[in-house]
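In order of appearance the chains are A, B, C and D, and numbering begins at 1 in each one.
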Amino acid sequence: MSNQTKTVISAAVNSQRFNHFITALIIFNSILIGLETYPSIYLPNKNVFFILDLIILFIFTIEIILKIFVDGKHFFKNGWNIFDFSIIAGSIILYNTPFVGVLRIFRVLRALRTITSVPSLRRIVSALFMAIPTIGSVILLMFIIFYVYAVIGTAFFSEIEPEYFGSLELTFITLFQIFTLESWASGVFRPIFAEIQWSWLYFVSFIIIATFIMINLIVGEIVNNAQKISEEVEKDTSEIKDDTVEIKE
Amino acid sequence: MSNQTKTVISAAVNSQRFNHFITALIIFNSILIGLETYPSIYLPNKNVFFILDLIILFIFTIEIILKIFVDGKHFFKNGWNIFDFSIIAGSIILYNTPFVGVLRIFRVLRALRTITSVPSLRRIVSALFMAIPTIGSVILLMFIIFYVYAVIGTAFFSEIEPEYFGSLELTFITLFQIFTLESWASGVFRPIFAEIQWSWLYFVSFIIIATFIMINLIVGEIVNNAQKISEEVEKDTSEIKDDTVEIKE
Amino acid sequence: MSNQTKTVISAAVNSQRFNHFITALIIFNSILIGLETYPSIYLPNKNVFFILDLIILFIFTIEIILKIFVDGKHFFKNGWNIFDFSIIAGSIILYNTPFVGVLRIFRVLRALRTITSVPSLRRIVSALFMAIPTIGSVILLMFIIFYVYAVIGTAFFSEIEPEYFGSLELTFITLFQIFTLESWASGVFRPIFAEIQWSWLYFVSFIIIATFIMINLIVGEIVNNAQKISEEVEKDTSEIKDDTVEIKE
Amino acid sequence: MSNQTKTVISAAVNSQRFNHFITALIIFNSILIGLETYPSIYLPNKNVFFILDLIILFIFTIEIILKIFVDGKHFFKNGWNIFDFSIIAGSIILYNTPFVGVLRIFRVLRALRTITSVPSLRRIVSALFMAIPTIGSVILLMFIIFYVYAVIGTAFFSEIEPEYFGSLELTFITLFQIFTLESWASGVFRPIFAEIQWSWLYFVSFIIIATFIMINLIVGEIVNNAQKISEEVEKDTSEIKDDTVEIKE
């Protein structure tokens, strides 16, 4: 294919109009998926929904192919492109397989592509992801706390409340529920407390430690951000200081 | 009408005394509405309440008419005026119609006019509204997250818990309930978890994502406000820098 | 009484030792009150508890009288003194009256005097009280919101859930419960939602508005405090600016 | 033992490789403890688990002994060393005693040694502990508030809800539950409210006071940290001020 064709396609793919068209298609796709949840709308028009979905998937596939053709290797260096690619590839691979449930979820996830195609949303999500590395060690610490409490909980309470503490996995979910403070006392703690006297220590200490870490995480994030702002001011002041020292001399 | 009359009316309408009178009437109106909820007080005095309400509505109508007369076109450029106008207009239009329920709500909303007539409250509410545009894209992002989870939830859980996930609308309300962490586990999650193994992923991921966005929204608001303060300091420092550079030269 | 006696008493009342003695007595009193809640300890020693309480109250009364004697009119200008005085006066006035319940509460409140006698606690509580005027108008705004929702709730839901919305007072308590998000859906909202379709609007809007105001109140408090810190820096910078301008000239 | 041996051992104990080996052993130990909670894995391999645990405990004991030998008295001046020592000592002392439950917990707590051996985790936990003294007096204040409400609650509600307010200890746990807002209304308050009219004052006031203190604690922590940042800027500015004043002269 000549270089000229590539330039034309590149201009087309990167044009505002093309982006608007894809965004509109994503929104239309999302509405379709929503309508499908209403049996009174979906059941009599099953075929229409099926064909529309096929057409949309076809256009999305072409979009991705064009973008890969234009950007070459650079395409897969962008996290957003990988995200788009995975969702579409997943939909295609699972087509006509027995994993209908997973395919269904892939089709719904296409609605998330709105984030990819609207710049202001993309910026917010990027900002959110940027906060994750700073809280990385805190998450590791939280995991250790959860693990210790999960082992103790499973060892001591599994016979009294097997639905909550029956296995390590169940206890992890229960600890998450306790962490959100949902029915921790009325549902989980009180029945155990009736049989094991010291159990209040387990629950109260877990809530205090987990909440304390959580609050400090948020305080840290606020202070971190405030520091970044402050550093700009400080850079200015240190330059002034150099100036005044120079003048004195 | 002569220009002089207009000046006199304008002075009267904008006077402290007139404002105090209207504020007092709004408070009196609010108390009346509260008393009406006590059948033992309301039922034997139905006529008194009816007549008082009619008189108050009449005075409010005249107040609005006078203000429109004085301010002309400018009246509708102020959000607070539009708010006052809508509440009174709604009350008048719905008078003697079968929409008794809606009329009742309009009458209660008149109590909100206290905010319009007390400057310090007006300032707070204006400040609250000013925070909305900054969080606009976050709300859009939140809506997309809610939508994706609503479609998945309705598709997979509607048969197990029709009262929570029966339709897209119901699922939206249920997701809001889960977002507030109210009975998310004991009421909504546990019965589904008993039948669908992977459902914990749905609930836990939704809570983590939604809470994470919410916390970052609050952190962002705090940092934004801190930045505004910092910028004033920075303006000063940059002026000092210019001075010192000039002096050096 | 000679002036000299007053000086001696003043020195004694304001001495470290006297303060430590009173603090110890307050703590001893608090422990006694706690022990009284155990019938197995209290019932066989009823007389001992009664006599000890009488002695403690007697000493506290003398303490207050001495302090009033020393400080004169100035005594009642200090909020902490008024607090101490009210608690002791209340205990004495209600002695041997049939209001046993109220007297009991007054006796328990004496434990709060620890705050008065420990300086670091007094400082924290003073700081907490200082935050109240700044949030004054927000509390007024919150009251208006609560009132409007209380009237609407009582008018429309009182017949479906009389235990929650039966009267304006009950609805106020219920709205406080909803504000804390406790069982708002599972306990209060869902049964009403089963009968009144639009009720979700009432609950969801109330939660969003109330939480939004609450969050902004906290954000405001943080930013306010940050501003105070920033102002000190700014004062310094503006002085530097004056200096540099002078130097330039 | 010659000084040379000590140097060799010291170099070995403080080497990266030794630390990595101990960290790996801690993680392996943690996994073992987790696997023990699965009866299908544990019961047929009881002996393997027993022997592995013995070996690990033996290695940990030697590690601690070596470290004490190397550091001498300085060993017990480090909080982390004391933590490690207590956990291992506890495991050894309780070996072959009837306190199987406590031994079990000690064995699980060994997983917490990960924090000791991973520097980034150690730093976070140190930072968390550093926040405690600043909030010391607030915790004391909170305790007084809890105590006063506990005595009142036990005195007045113990007969209506003995499972919640039966004794001072039970009421303390119940107040903690109310503090976390879990089922405070639906579970604890409503049944009492049905019998004692004024009880809403007890619950609402407790929630408002406790939450108010909690929020102010968090706000204080944020502002405190912001102040530390601001002080660095201020130090710079004050130096500049000194410079400009000098220049002027």
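Quick notes on this structure:
Please note the rule applied: a residue touches a chain if its C-beta (ideal position, glycine included) is under 8 Å from a C-beta of that chain, and two chains touch if they have at least 3 such contacts.
The structure presented is a predicted model; accordingly, all values stated were derived computationally and were not measured.
Under half of the residue numbers found at the chain C and chain D interface occur in both copies, marking it as a different-residue contact. Bringing chain A onto chain B by least-squares fit of CA atoms involves turning it by 90°, to the nearest 5. Remark: chain B and chain C have CA centroids separated by 30 Å (rounded to whole angstrom). Here the spacing of chain B and chain D, counted between their Cα centres, is 42 Å. Within chain B, residues 181-183, 186, 222, 226, 230, 233, 237, 240, 244, 247 each touch two or more of the remaining chains.
Chain contact summary for the complex, chain D toward chain C: residues 137-138, 140-141, 144, 147-148, 150-152, 154-156, 158, 167-168, 181-186, 189-190, 193, 200, 204, 207, 212-213, 215-216, 219, 222-223, 226-227, 230, 233-234, 237-238, 240-241, 244-245, 247-248.
Across the complex, chain D meets chain A through its residues 30, 33-34, 36-38, 101, 104-105, 108-109, 111-112, 114-115, 118, 120-121, 124-125, 127-128, 131, 163, 173, 176-177, 180-183, 186-187, 218, 221-222, 225-226, 229-230, 232-233, 236-237, 239-240, 243-244, 246-247.
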